Amino acid sequence: METLTALILIFIGAALINNFVLHYFVGICPFLGVSRRVDTAFGMGCAVTFVISISTLLNWTFTHFILRPGAPLPAWVWQSLGGSAQTQIDLSVLSYIIYIFVIASSVQFVEMYVRRFFPPLYKSFGVFLPLITTNCAILFASLEVLKHMQDSTELWGLPQALALALGGGIGFTLAIALMAGIREELDLCDVPRALRGAGIALIVAGIMAMAFMGFTGVEKGVETALGSLLR
Amino acid sequence: MTQPTPGKGGYIGQAWLVILLALLYGGGLAGVENALSGKIKANKRAETYSVIPDLVPGSDPDKTDEIMVRGENAKEGLVYRTRRTDGSHVGWVLPAAGQGFADRIELLIGLDSGVTTVRGMYVLNQRETPGLGDYITRADFQDLFRDKPADRPLAVVKTDPAADNEIRALSGATISSESVAAIVNRALANFREPLRALAVERSPGNARPDEAVE
Amino acid sequence: MRGVHPPERKDLAERAPIEVLPTPAEVRIALLQHLGAPCEAVHKPRTDVALGDVVGEAKGFVSAPVHASISGTTGRMSVATLPNGRHVAVVPIRAAEEQPLSDRALFDDVLGGEWPTAGLEQCEPEQIVDAVREAGLVGLGGAAFPTHVKLTRNEDRPIRTLLINGCECEPYLTADYALMMEAPKPIVAGALLAQRAAGASEVIICTEDNKREAAESLRQAAEGTGIEVRVLKTKYPQGGEKQLTVAVLGREVPTGGLPLDIGAVVLNVGTAAATARAVMRGKPLTHRVLTVSGAGIRQAKNLLVPVGASYRDVVDCCGGLIPEAARFVAGGPMMGFTIGSLDVPVTKGASGLTVLTQAEVRKAEETTCVRCGRCVDVCPLNLVPTKIAMASKANDMELAQRHHITACMECGCCAYVCPASIPLVQLIRLGKVRLPKG
Amino acid sequence: MAEGKAEKPDAAATAESKQEAPAVRVAPSPHISKTALTTRWMMSDVLVGLAPVVAMAVVLFRWYAVVQIGLCVLTCLVAETLFCWMRRRPTSIDDGSAVVTGAILGLSLPWSAPWHIAVIGSVVAIGLGKAVFGGLGYNIFNPAMVGRAFVMLSFARELGASAYVTDRSQLDVVTQATPLTIAKKVAADLAAGAITVGDAQVQMESTRQLWPLFLGNVNGSLGETSALAVLIGGLYLCLRRSASWEIPAGVILSGLVLAGAADRLGLTAFTALHHVVSGSLLFGAFFIATDPVTSPLTARGKFLFGLGVGVLLVLLRVFSGYPEGVMFAVLLMNATTPLLNRWTIPRPVGGPAPQPEKA
Amino acid sequence: MPTTTVALALAAAVLGLLAIAMGFVLGWASRKFHVAADPRVELLQAALPGANCGGCGYVGCSEYAGALAEGDTTVGLCAPGGGDCAQKLADILGVEVTESCPYRAVVHCSAHRDQRLQRADYDGERTCVSANLVAGVQGCTYGCLGFGDCAQACKYGAIEIVGGLSTINYEKCVGCGACSRVCPRNIITLVPFKAERMMVVACSNADAAADVRAVCEVGCIGCKACARVAPELVTMGGALPQINYDLYNPEESEALESVLEKCPRKRYLFVGRPTAEDLAAVADEELPEAVTADFKTTVDDTEWRG
Amino acid sequence: MSTEGTTNVPEEGPTALERFINGVLPENPIYRQLLGMCPTLAVTNAMKPAVTMAAATAFVLICSNIMVSLLRRLLKPHLRILVFTLTIATFVTIADRFLAAYVYEMSKQLGPYVPLIIVNCLIISRAEICASKQGLGVAISDGVGMSLGFGLGLATIATVREVLGSGTWFGLHVMPASWPNWGIMALPPGAFITLGLLLAVAEWATEKRASTALWRTVRMLWSWRH
């Protein structure tokens, strides 16, 4: 029960309260770049959700088995080389490189796959799929997971990691879809010239961030509510 | 995306530069890590250790040791056992965390060795509203927890405290204040008994009579 | 049905009997007065033509010939800009001294006299359609669609109902009303002929409850013919064929489709009368009833006008303009088109001239759309006019099409209610022009 | 759009043709319009609708209300002029929308908010809420709520729950916390197990009566206290069609249902009815969510919008850190308005137009 | 073995292995999922200036690049890029530069507002394309409406409305043709500028003389005087003369002068002043085909109603 | 965006000085190119983190430019991006560790945004556009110019946010004591709104560039170069 509560909290935390885009400012590039049309924005959101889940899964695995201090794989190598079982081998310095490698290759893989087998989908993403590689949101999710895998007060397992990834991806999709709707509307508006494009988009994002700040405290509220309901 | 021309030398042959660089960078990084990890660890340690004398008056940070303690909820937690310079046990520093108004709050709780009194409280990390909830990081708020009883839950009130386990809420930030108190209460509930047991078992001789467990 | 209730102002010309316009010195017959292919002139300049002679020959099935509406001599071909913006070739005819028909005689020839409803069974459908085509008959309700096309039977899509449209929901206009009051007989006869031609099993003459007397007059005329006269609740744009089929038959004409798709044909009362004249008297469509009304005209009238007479002649016949007159609307104020000068010839589809004054047209200043949704509330076709208009303006045709721009019939309800005075209909028309062709 | 190059010739064209003063005027159809109905009229309608609310605020909060609302309206007007001037456009204060924005902003603030909050809120409302989008009719978010959110997040201390309460004032209603704050606190304590159900009942005693909530004899933001005044003004607006009834209907419906459910689950200390008449639910439903510019166009869209506002509003009241959720609920739903508009395109009479084949 | 060494070795090994694995997987995938694409598109796009002005007739530079790669169109349509750009594109595609004569926009109407008669006061959307839907905005149904859609469309600020007439500033015009696409009356065409100043027919009213006189003080009356003086250069398209720019030779100034002189309405005008470079660029170029002026004009295109 | 045969393009392109100047203003990564928006928004609530971030980014940018420029003749087109990423990630890790070791406080405050430099499009785009095509000198001056430009961008935003939000600048009080701190400026909405408005100001200033003195100076330098 407690884990379930925790998973729910991580999920809504990442999707609404600490929305990746509107609170953590990650994934701003596609948020500004691919939010001109609702359809493409939604597609982009789905692509990000997909990639973020895959790469978080892979990265969690890497971290758990290889990178974290005391991970089994290096320990096994160390011990088979005759090292003592006491020494912990910490390869976490490699985590950034490995993460970005995993992300880059999985995105490229997905890209090639989609291009080959789903040409219409590929066409609507077009140039944006490679953009996912340099999309902070993906790396950020892995880093967040890493943080919680090093933090002794709250050790995350795979379910938590995936809850964060999924929540983050869905939160991103929500934000970018709303943004795209608004920007389609803005095309018909008389926005001052200097603000057109990124300027007004950022201001809209700012107002959306204000609106999303309404969710502040929901984590706590849901936690207490679930607590009292389950009691 | 340009297509690689497979064939000559195969994929690996083409990627020699990448592989070479990977080896190079990997080694280099490990070197950097080797050189700096001591300092980074020290930094992290210092973050906690620098406040230890303040959290448990009389303790010497250099004499502090870290132990893993199994709490009432069956989860293991890190606890700092603090000692005087002469090595005698003065108390505990208990890291704790929980949900605040906006985000997680992480804090350290200083306790006497018998876990009867809260010696101090220090907020390590928080993201409460600037100018409102973030006043929990102020010394005057943290000082409110000094010398509060550790055997009963602390209560947050909006008026001047009447009982000794009451803490006056920050005005306009009752929720943050309550969250801090709740985190302290929960940590105490989890670790009060195990720590007391430890105190009796490990260092009965060191305990001053007034701190001794009944 | 949604729609609006604009001030009717029919009282201006309602009581005026149909008068006959004195033969003008010159008429200019436009070679394109209908929806479809333009006509080709058949006479060289300076040829003498008689009333009813063909002046322009129809080219193609969806087309209709034009005829001389007076006797006289043709002049050099010229051009005219019709109210709807078309810049078309015209054939001027200078009136001869002697006119075969004028005044009362003309009225009797066009609308008066006897219109026996008995013995119409002898007319073969093809015969009726041919007569209608040769008479150059087009819809007199506004769109000027060649009537023979509508009446031609089609095995695949049989016609069940013939609706005779006497709603005349436009403010100011009373031409149809006057016709129904003074000449119900030819309407009924024409309706029966059209019924035979189209093979419809029922005929309903529809009018609105602000024209009860007309309904009464039609009922008397239709006594014993099996034609039903239906009185609908007044609302603009009840007369639109899509609204009419919903109101009368409870069926919707598919968007982009025709009443034919639901087994109906809609004819204007004037068209019905002209059908009767074409079939029973063999006369082409050379005259039509026109309402001249509005505060800018000295005396509002219903006139029987030869096609091709200029609006100036018409205005002169009504005592001229008052000095404040500012806008000439060919048609009614909701859907009519303005003309920049009175020297524009009357066409077959013209139903009236509404002259508005300076005070009436001083429009409130256009402000931005506040998305109040009033246009959405009134649109009889259930569209979102503001979105279509804004999309058209921003040239976002994908958005406009998503909002079904092509469904709009330009009835003007939306622009009528818009508190921001946005020229919605114009913007929607603009969008239709901008739509990718094909 | 008529910016830059087009402006000059355009102006010239009008000026010169005025000179020639031709008698004939051409224009697209229709040639008559419902002249009584203008944007300014709609805005003054809203002001009329707001009158009972303002009156109630003045009765309860005396000159605090007068100063607050006056300051907001004034600053909004000044800001509107300023931004028009910056864009070199003719001033648009005469359409009355700035007055409405100011009044609603003023009514949504606590009596105690210091002057700089009213001023900053108003400038932000007009500037960030409206001018950056192009002015009246183009804004995506409710300007007054943008302004309020901005100051609320900026000056949390002055706008938080405790700012409403003081015992050093001549006003009698402000000695007690707002009903929602009390309810929130009790619910939270109850859920956390800090108090017993009995304690909770004692603490809720002061707000149990529906009548004061309905009549408005309670603490709160200036405009929200009296459900009665809001209903009078709101119904007037709906009857005049200046506001669409679908929106308040949706808000109230979903508010009742969800608050009822929360009450059943013991997540709130209020009944559904209490929830509806307390706080700014009604004020928001009738005056704020109904802002035509920022709500959907079609009836179905409006109703969905209302439902959304109601749902979010109760969820935020129950779960979030804030006692009230109207402002955030409206802003969040404003963000969905374009999507709602897209999804609620009505079916035209006769069915959808045949779409041309996509190339 | 000290931990440091192992950590070093392990780190390097992990990264190295990963690199190898990735090289394999991606290499395999890229062959497996190979989709033939034209790499030239990207090169072409890079060679284009990226102004996205639409001058080439495509939605943006990238679409033009795509069309070029497909062989659907020719290089040299990009006006902002000029000859350089065309050369680059041609290099990429391995073709010859065919045309780079500078085109410039010409407005085929020259009546300022007071010379056009019967102008009514117009209440409605103040753009040409909207006003064109309303009859009687002005007498001449061919001439410039003067609401400046073309000026709005011009990205180079080359068009101004002077006295109700669209007037092109040839210092700024680059011949992208955006204006000619928006003008609802189709009275802007692109004329090949073989000299600094070109002679053009500055009217597009195709009606008969009397009808023209009725609406315009200066419009072409179709008297054919010009076609008689220079039958080669000027042909009559209906009532309107058209200059055959193929045969246009700026050196033969007498011929041009005579045309100019003979026109009773003085509707032949010299316009323009392209830059010296442009002239140099075309000096030794074969002259391209002339654009045919297409005065389909008038409101006839618009729908009847409904 | 790959160009066939990157390896054997002739070395041409803007010179070192041009690259430097371009980076600072005409092609300012934040205001003109909108690159690296995430850190820009995340770390600008005060000057200190902003400057730290700018320094870390500068370090990575310059180092990776150097590295890529040195390796440029060995790059295979399809493995190019891989090499860039590898290089950048390595230097980012180094920067991250250095911060953690020597400015721990800042490292804690910047949190994940330091590792996120890896995906800062600015760095990879410089590698692609400049370093992989030009010599060491140009690459370095490009890196320095772009870093300055990036730093300038961060600093302007951070200044607005810190002064309005806390009444301080680099932690020093610059506003009167009675200044009501605009809490929102320290929060996410403040970041978005500030950047949006500053972008508009930048846009407006460039539109009016002929008349701004600053721009004239840049232009002067420019023309003097040619």
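To keep things simple, chains are lettered A, B, C, D, E and F as they appear, and every chain counts its residues starting from 1.
In the analysis below, a residue touches a chain if its C-beta (ideal position, glycine included) is under 8 Å from a C-beta of that chain, and two chains touch if they have at least 3 such contacts.
Small disclaimer: the values here were computed from a predicted structure and weren't measured.
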Indicate, using Cα centroids, the chain positioned nearest the centre of all protein chains shown.
-> D
Reference chain C; chain at largest CA-centroid distance | B
Once you find the CA centre of chain B and the CA centre of chain E, what distance in Å lies between them?
-> 70
How many angstrom between the C-alpha centroids of chain E and chain A?
-> 47
Whole-Å distance, chain A centre to chain B centre, using C-alpha means?
-> 27
State, to the nearest whole Å, the distance from the C-alpha centre of chain B to the C-alpha centre of chain C.
-> 87
Note: chain E residues in touch with at least two other chains are 7, 10-11, 14-15, 18-19, 22-23, 26, 30, 34, 39, 120, 123-125, 130, 133-137
Touching two or more other chains in chain D are residues 1, 24-28, 128, 134-135, 138, 150, 153, 156, 192, 321, 341-342
Chain F residues touching 2+ other chains are 2, 4, 78-79, 82, 86, 90, 93, 97, 181, 183-184, 187, 189, 193
Flag every residue of chain A that touches chain D in the complex, lowest number first.
-> 38, 177-178, 181-182, 184-186, 189-193, 195, 200, 203-204, 206-208, 210-218, 220-222, 224-225, 227-229, 231
So in the complex, which bits of chain E are touching chain B?
-> 4, 7-16, 18-20, 23-24, 26-28, 30-31, 34, 37, 39
Residue numbers on chain C that touch chain A, as the complex places them | 368, 390-391, 393-394, 396, 399
The answer for chain B against chain A in the complex is residues 1, 25-26, 29-30, 32-33, 37, 77-78, 95-97, 99-103, 106, 129, 175, 179
Using the touch rule from the top, collect the residues of chain E that touch chain C in their complex.
-> 118, 120, 123-125, 129-130, 132-139, 141, 184, 207-208, 210-211, 298-306
